[in-house]
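The same subunit A turns up in both complexes below, where it pairs with subunit B and then with subunit C.
Here is the complex of A and B:
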């Protein structure tokens, strides 16, 4: 059973993303205080930040719901925002740096999300996109 | 985020402190492009005190590098903390940017 350890609703601004990242970090560290968990929490925060940035930039929602749960396997970060359905590309990878158009200036966000957590789930229900990020962390 | 400009052996060093994210990267972009407009042969970025970078920060530096490449300018990163180096490695950006462990290393031609 997963326990919600942090939840909030924010107005979608990048300043609020920065503040929420710090609050989520504090909640993560409270549940996994051992030093070995720190780099894993850092990776979850990178993915969570990119997901929040995307919601602010693309959803057009008036508010964004954020929840962090701690379960037996680790941490689960969930973000929900109203907007058009988002279907992620079938293949998500870092941009091709040797492509014909030269160095890409975008396309890093989704790849960071994919790379930094153990599972990513995209869902669309009742006009809201929900992205769930799971990061496995041992309690010991 | 705080940006300071210092010089080392007559080169410009951009010293960044704090988090490079969506709310701070526009300021970094403006400062970086302003410097690049003057076409310095080399720009150093000191990452020692950078605690976080997101995709907007990465995009800012890619844009900066693309602004320097046409005239042969070089963008050199110095003292990147491990967790930031990890992202650069995943994205293979460590093959694109010149990354050095110290200013002394970075100053070698």
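Here is the complex of A and C:
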């Protein structure tokens, strides 16, 4: 069974994303206090931040729901926002840094999400996009 | 986020602290653009006190790097924390941005950049 260890509803602003990231970090560290977990928690936070930023930029929702659960395998971060259905591209890669237009200034978010966690799940139910990020962390 | 601006000889040392993220990226860019407007073309960006960086922060670093290059100046980043270095690494941005291990290396890099600019 997964236990919810943190949940909140926020108005989607970048300032709220930063505040929520800090709250999620505190909840992660409370459940996985061992120093070995710290870099893994850091990676989950990077993915979670990109997912929250995307909700702020693209969902148009008035409210975003955030939930963190601690399960047997590790941490599960879930974000829900009302809006048009979002289907991720079939292939997600980092932007080309050597393209004709020079260095890209954006387009890194989805690839960072994919890179930093063990599983990413996109679902659409009741008019809401739900993104679930799973990060395996051992208890010992 | 805060940016402390100082000088080391002819070069600007911009020391960032706090989060370089979507909420602060514009502030970061406007401060660096102000330096360019005042013709401070050679800048060391000290990142050791940056606590967290997201893709918007990374994009702002890319934009700043390009802006300094276009003005024939140079921007060099030093000492990112492991969390921040990871973002540069996985996106391969560390191969495109100017990165230095410490202040001395950064200053030497800028001295070379000045020499090259004078020769060209």
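Basically, the second predicted complex is superposed on the first by the 140 of 140 C-alpha atoms of A that agree within 3 Å, B and C clash if a C-alpha of one lies under 4 Å from a C-alpha of the other, contacts with A are read in each partner's own complex, and residues count from 1 in each chain.
Here is the rule we go by: a contact is a pair of C-beta atoms (placed from the backbone, for glycine too) under 8 Å apart; a residue touches a chain by one contact, two chains touch by 3 or more.
Nothing here was measured: the structure is a model prediction, and the numbers come from that model.
Colleague: Under the superposition described at the top, does placing subunit B and subunit C together on subunit A give a clash or a fit?
Modeller: On the superposed model, which is not a single observed complex, subunit B and subunit C clash.
Colleague: Which holds for A:17: it touches subunit B only (first), subunit C only (second), both, or neither?
Modeller: It touches subunit B and subunit C both.
Colleague: Could you tell me if A:33 is touching subunit B, subunit C, both of them or neither one (first, second, both, neither)?
Modeller: neither
Colleague: For A:49, select first, second, both or neither according to whether it touches subunit B, subunit C, the two together, or no partner.
Modeller: Touch status of A:49: both partners.
Colleague: Could you look at A:89 and tell me whether it touches subunit B, subunit C, both or neither (first, second, both, neither)?
Modeller: A:89: touches no partner chain.
Colleague: Shared contact residues on subunit A, subunit B side and subunit C side combined as an intersection?
Modeller: After superposing on chain A, subunit A residues 13-15, 17-18, 21, 39, 42, 46, 49-50, 53, 56, 94, 97, 102-106, 108-109, 111-112, 115 contact both subunit B and subunit C.
Colleague: Quick one: which bits of subunit B touch subunit A in the complex? Just the residue numbers, please.
Modeller: That would be residues 19, 21-24, 52, 54-56, 58-59, 62-63, 65-66, 83, 87, 90-93, 95-96 of subunit B.
Colleague: Can you name the residues of subunit C that touch subunit A in the complex?
Modeller: Touching subunit A: residues 19, 21-23, 52, 54-56, 58-60, 62-63, 65-66, 82-83, 86-87, 90-93, 95-96 of subunit C.
Colleague: Please name which positions on subunit A make contact with subunit B in the complex.
Modeller: 13-15, 17-18, 21, 39, 42, 46, 49-50, 53, 56-57, 94-95, 97, 102-106, 108-109, 111-112, 115
Colleague: Taking the touch rule as given, give the residues of subunit A at its contact with subunit C in the complex, in rising order.
Modeller: 13-15, 17-18, 21, 39, 42-43, 45-46, 49-50, 53, 56, 94, 97, 102-106, 108-109, 111-112, 115-116
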